[in-house]
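After this come two complexes, each holding subunit A, first together with subunit B and then together with subunit C.
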Partner chain A sequence: MGSKWNKSNLMGWQFVLLPSALILLFSFYPMIQSLLLSFQSGKGNVYHYVGLSNYARLFSDPMFKQAVLNTLLYLVVQVPIMLMLGLVIAYFLNMPGLKFKGFYRTAIFLPCVTSLVSYAVLFKSIFAVDGILNRMLMSIHIIHEPIAWLMDPVWAKVAIIAAITWRWTGYNMIFYLAAMQNIDPSVYEAASIDGASKTRQFFSITVPMLKPIILFTAIISTNGTLQLFDEVVNITNGGPGNSTMTISQYIYNLSFMYTPNFGYAATVSYAIVIMVAVLAFLQLKVGGEKK
Partner chain B sequence: MRKVSAAAIHLFLIIASVVSLFPFVWMLIGMTNSSSDIVKGKFSFGSELSTNMNKLLDMTDLGGAFWNSAVIAVIGTVCTLILSSMAGFGFEIYRTKGKDRLFGILMLSMMMPFAAVMVPLFRMFSSMGMLNTPTAVILPTITTAFMIFFFMQNTKSFPRELLQAGRVDGLGEWRLFTHVYMPTMKPTYAAAAIITFMNYWNSFLWPLIALQTPDKKTLPLIVSSLASSYNPDYGMIMVAIVITTLPTVLIFFLLQKQFVQGMLGSVK
Partner chain C sequence: MKKLLSVLLLVSMTASLLAACGSSKSSDSGQSGTGSEGGSASKKVVAWAWDPSFNGAALKIAEELYAKENPGFELEVVDMAKTDLEQKLNTNLASGVKEGLPDIILVNDPNIQKYVTAYPGTFADFTDKVDYSQFSPYKVDALTIDGKVYGVPFDIGVTGMFYRSDYLEQAGFKAEDLENITWDEYIEIGKVVKEKTGKYMSTINPNDEALTSILLQSGGSWYITPDNKGNFVDNPVMTETLRVYKAIADSGIAKPVTGWSEFVGSFNAGDVATVVSGVWQISSIMDAKDQSGKWRVAPIPRLNVEGAVNASNEGGSSWFVLEGSANKDLAIDFLAKTIGGSSEFYERFLKENGGVGSYIPSFSSEAYSQTPEFFGGQAIYTDFTKWSTEVPGISLGMYTQEAKDALKNELPNILNGSDLTQSLANIQKLFEQQVQ
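Right, the complex of A and B next:
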């Protein structure tokens, strides 16, 4: 029995070796390359070590500062709005006896099937100065003159946040719905008998029971937002005047748009690596507590 | 009181649904209007559809781009499914400390931002002379820790007696994988296929870097480059967007259950 098990244990390695090697080659190896590159400077294929000078440059680079601030702003404003919205929608959709559930769920989830480029361009046309959104807002008297959405540093950020929220709320909602269906309905019944209102039940039953999944979606959304690229490039291309540029876009520009500077680009990319790691750690600390 | 709150909930959900669906309606309407009407916010069907389509076909190699996208998405999906399910099968069925440790390391790749690996990947493919090929687009994500994890989680409920029975019948381990595991796990493969296909079909940043000549471009690259011109022609862009979106919308409606399952992935 033992030898047979050992044999099949060895057999197991032949299934995992190739896939593992591919991940090591296409994720881990470039990560190390990138780290080495972050201490180098040069042109073409000639690079030489320059110590920490790329890292020193980060601190005096206004564009880097702008890109980090923009990215953090998207993170701090957009992620909570989206998660909250997803949670509330899922809570409503999970109410027993609600009509047209299937329709609402499908409609709100549908944005998730669009490609990031396509929806970004769609929103760019919706946010045109004389475009449909301004026309609608004016016709219901929310605004009196058109907003130059994509030409204004603040409104452009609002537009991007609105677009991302449109695309990803349904995605998060699906996670919450699946988790809510696992909550025993008798918990709610007991709460109702005790006279707890729906709002009260939401905050003292649903949210606490969903904590692990909320944490999970917070981590993936944070990860996604820190890597934001497609939307910003296609809605504003970072403008006006870099006011919407993200870190990923800055890295792309440093590598492929301006005179290529792979060394410094790699240094900037490690800024994201550190941010992803720190934020995931913090979220696990805050959300996970001691389990 | 009860009725009021039910009405409020419906109102909220109706608004959310309308907002969610609006851009889809907008692209269908936009497809039939001229660019100047689109930026003026005309919200009714027009008669420019054939003009827009002809312009798009003149300006771009649309068929070629569709073909490029399809080749990358289909071949990429098939390879990813085979490799990830192999690993998921291996890690879960032949579980050992050593393999668990390796998998733990692989999971770290999920936290690696793509922006941090794109430059080394670019240099790697360039030194191998493989830039500007579908292979270059497919390879970096041909196996992902996420997909392996997805297969591992679903393998937990795989009936292991089937393997034992197969061994008694004299099947080798590879045969068990291809003839017992794969057919049993069809629903998992379906869900994984949808998500992987979507990821390849919609990917933008890496193809933007890896594909350089117009004849190799995929649909998202075409849409992006049309829209980034100084004075974009939205009429024909809308047609391109509809064509890009149609396959994934169709897959969604045909395979809604597997689609959602794939999205939820390994969280259960």
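Right, the complex of A and C next:
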């Protein structure tokens, strides 16, 4: 028995060996190196170990605080809006009587295949002072003077949130749609017979059945929002002031715009890692299956 | 048997993978590293630049000139986007990987001190290789760190006030009315222009530091002091700069824009009467063919402080040679004899690519005295080069970007009318937090 166990297992291990080695080399090794780097400070290629002082610096760094606040604001405002919107759209697109289903599905999913930079540039021109949005609002007499959307700290954030919602709602919708199609129609039928309204069915059947998927999309959206970069850099470049700057953009600035301090930049990256881990843990606790 | 097969499979997979890595690596170095690896026998030098129709083209002119004296000399220009180039250089130098780096590299002037200090011993010392007295002093100041000069000065961004003579005439102003004015006079003119023609005087973009940089340098000051401290408090030039900036924003003479294309679009569409910008803006202005003959250039307005002049600078770059390059001496000689000391180079660069350098002997050449029809026959390059010798020399320091971002953080408050002294103290504090 022993030798047979060994033989078949050995085969398996051999196949796992190569991918594991590659993951170790290209994923875990850089992670450990950047962890080490996060304990160092300096500029360019002159570094020395400073212990935890980079981590202490995080807490007294107003730029970092600003970036975290901005990012958390995007997270708290945008992710729920997007997920709810995705869920509602998926629900409507899954209704049996709907005509042109394919067309709507394609139209709503289409933003997800556009490149991040090109759609960001498009949104920038929409929100420009003489952009299409101002012209539209002026032609229907809602406003009389063009609004400089991207120069106002609040409106600039609204523009960013609008952009990422447009880009990612369809992506989440597809997950919900797929999951909804897996719900047995007989459940709805039974509910209808028992006299449950459509709204009631949505909240008492659809949403609970989709719970694992909702949890999944919440975690990947959180993760994605914490790493938000392209949109902000291209639409507002962090401005006005630094009121739309994200943590990722701050890392980029520390490494490539400012006098390079890769040590401190690595520390900020690890701050993101910790935040993603904590948030994912909380989401699993709140929304996960109790076992 | 099965085991043997699987081992074979594993080995061949690993081998092919390693082979793939290996071959991609060698082709990589073949692309960009031949210069440093090929040795001096090949006489080939590799350079990185970011604009094939401007600085890349300049290298081609220099190559032609140098090859006449030195047959067999070869130059390979690798074009990439400016941010890509800077990222690539940063990551390469920080990781200590020298392979794949070129011999010659183009550096944006505000980055000079940052690179030289952050990567000591990486860039070649040019101190005795070029006659720096032949260049505009402010350009050489930017290259000088601890008494050593790194690199060869290249293009400059001496500023001027481009204006639409038709709009200003309509508002009742003649060319003399725009010479040697202050910013307060500029704003008053702007109000009249706005009233009489309905056109804006200029554009404003609170998220872009171009105007504040121009103002500061025209007063001989900068965001940071030469010893890299914040220069926001107790700096009359800074206070005056922000007062002027707020006055322009408040006066309603400036059209708000949010980005570069909107900025260029505003003068190409004829929305603004003046553009205060670097000499390199000429090509964008000339893109609007229908506006030919309507543009002129005057010196920029000056700040109302001691020592301020009607001249400043916006942008510009310089050529560096990497200390570790195998062709270091050849690269230095090439740059020193062409971009660092050939009037012919600068004449051709202006004629063929519209680039203006800071090499004083070339200023008296025929190319620099041309009178383009687009600017109503004004000898604009003669004017620009004259102003370039008046630009105050400043040290750009190594924390310019940090200081700009600190200022940007507070700028909305300043524009909303907060106490300037308090705001400046806040900026100074934020900057000191950033730089540690």
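One rule holds in what follows: the second predicted complex is superposed on the first by the 275 of 291 C-alpha atoms of A that agree within 3 Å, B and C clash if a C-alpha of one lies under 4 Å from a C-alpha of the other, contacts with A are read in each partner's own complex, and residues count from 1 in each chain.
Convention: a contact is a pair of C-beta atoms (placed from the backbone, for glycine too) under 8 Å apart; a residue touches a chain by one contact, two chains touch by 3 or more.
These numbers were taken from a predicted model, which means no experiment stands behind them.
K.L.:
Should the superposition on subunit A be reported as showing a clash between subunit B and subunit C, or a fit?
P.N.:
Clash: subunit B and subunit C overlap once superposed on subunit A.
K.L.:
For A:Leu18, select first, second, both or neither according to whether it touches subunit B, subunit C, the two together, or no partner.
P.N.:
Once the two structures are laid over each other on A, A:Leu18 reaches both partners.
K.L.:
In the overlay, answer first, second, both or neither for which of subunit B and subunit C A:Val46 touches.
P.N.:
So A:Val46 only meets subunit C here.
K.L.:
Now for A:Pro111: first (subunit B), second (subunit C), both, or neither, which partner does it touch?
P.N.:
So A:Pro111 only meets subunit B here.
K.L.:
Quick check for you: in the superposed arrangement, does A:Ala266 touch first (subunit B), second (subunit C), both or neither?
P.N.:
Touch status of A:Ala266: first partner only.
K.L.:
Is A:Thr236 touching the first partner subunit B, the second partner subunit C, both, or neither of them?
P.N.:
A:Thr236 sits against subunit C, while subunit B stays out of touch.
K.L.:
Using the touch definition from the top, say if A:Asp130 reaches subunit B (first), subunit C (second), both or neither.
P.N.:
both
K.L.:
Give the label of whichever partner, subunit B or subunit C, reaches more residues of subunit A.
P.N.:
Touching more of subunit A: B.
K.L.:
Quick check on the superposed pair: does A:Met95 touch subunit B, subunit C, both, or neither? Answer first, second, both or neither.
P.N.:
First partner only, subunit B.
K.L.:
Give one of first, second, both or neither to describe whether A:Tyr119 is in contact with subunit B, with subunit C, with both, or with none.
P.N.:
Only subunit B; A:Tyr119 stays clear of subunit C.
K.L.:
Which partner does A:Ala280 contact after superposing on A: first (subunit B), second (subunit C), both, neither?
P.N.:
In the superposition, A:Ala280 contacts subunit B only.
K.L.:
Could you name the one stretch of subunit C listed in 41-49, 59-67, 77-85 or 365-373 that collides with subunit B in the superposition?
P.N.:
77-85
K.L.:
Which parts of subunit A are in contact with subunit B and also with subunit C?
P.N.:
Residues 11, 14-15, 18, 124, 128-130, 237, 255-256, 262 of subunit A touch both subunit B and subunit C.
K.L.:
Which subunit A residues qualify as touching subunit B in the complex?
P.N.:
Touching subunit B: residues 8-9, 11-16, 18-20, 22-24, 26-31, 33-34, 37, 89, 92-93, 95, 98-100, 103-104, 106-119, 121-126, 128-136, 166, 170-171, 174-175, 178-179, 198, 213, 216, 223, 226-227, 229-230, 233-234, 237, 247-248, 251-252, 255-256, 262, 265-266, 269-270, 272-273, 276-277, 280 of subunit A.
K.L.:
Which residues, counting only subunit A, touch subunit C once they are in their complex?
P.N.:
It comes out as residues 7, 10-11, 14-15, 17-18, 43-46, 57, 60-63, 66, 124, 127-130, 148, 150-151, 153, 236-237, 239-243, 253, 255-260, 262.
K.L.:
Show me the residue ranges of subunit B that touch subunit A in the complex, using the header's touch definition.
P.N.:
The contact residues of subunit B facing subunit A are 5-6, 9-10, 12-14, 16-17, 19-21, 23-24, 26-27, 30, 38-41, 43, 83-84, 86-87, 89-91, 93-96, 99, 102-103, 106, 108-109, 111-124, 139-145, 148, 173-174, 177, 198, 201-202, 204-205, 209, 219-221, 223-224, 227-228, 234, 237-238, 241, 244-245, 248-249, 251-252, 256, 259-260, 263-264, 267-268.
K.L.:
Which of the residues in subunit C end up touching subunit A in this complex?
P.N.:
2-3, 6-7, 10, 13-14, 17, 83, 86-87, 90, 93-96, 114-115, 117-120, 205-207, 255-259, 262, 398-399, 401-402, 405, 408-412, 430, 433-436
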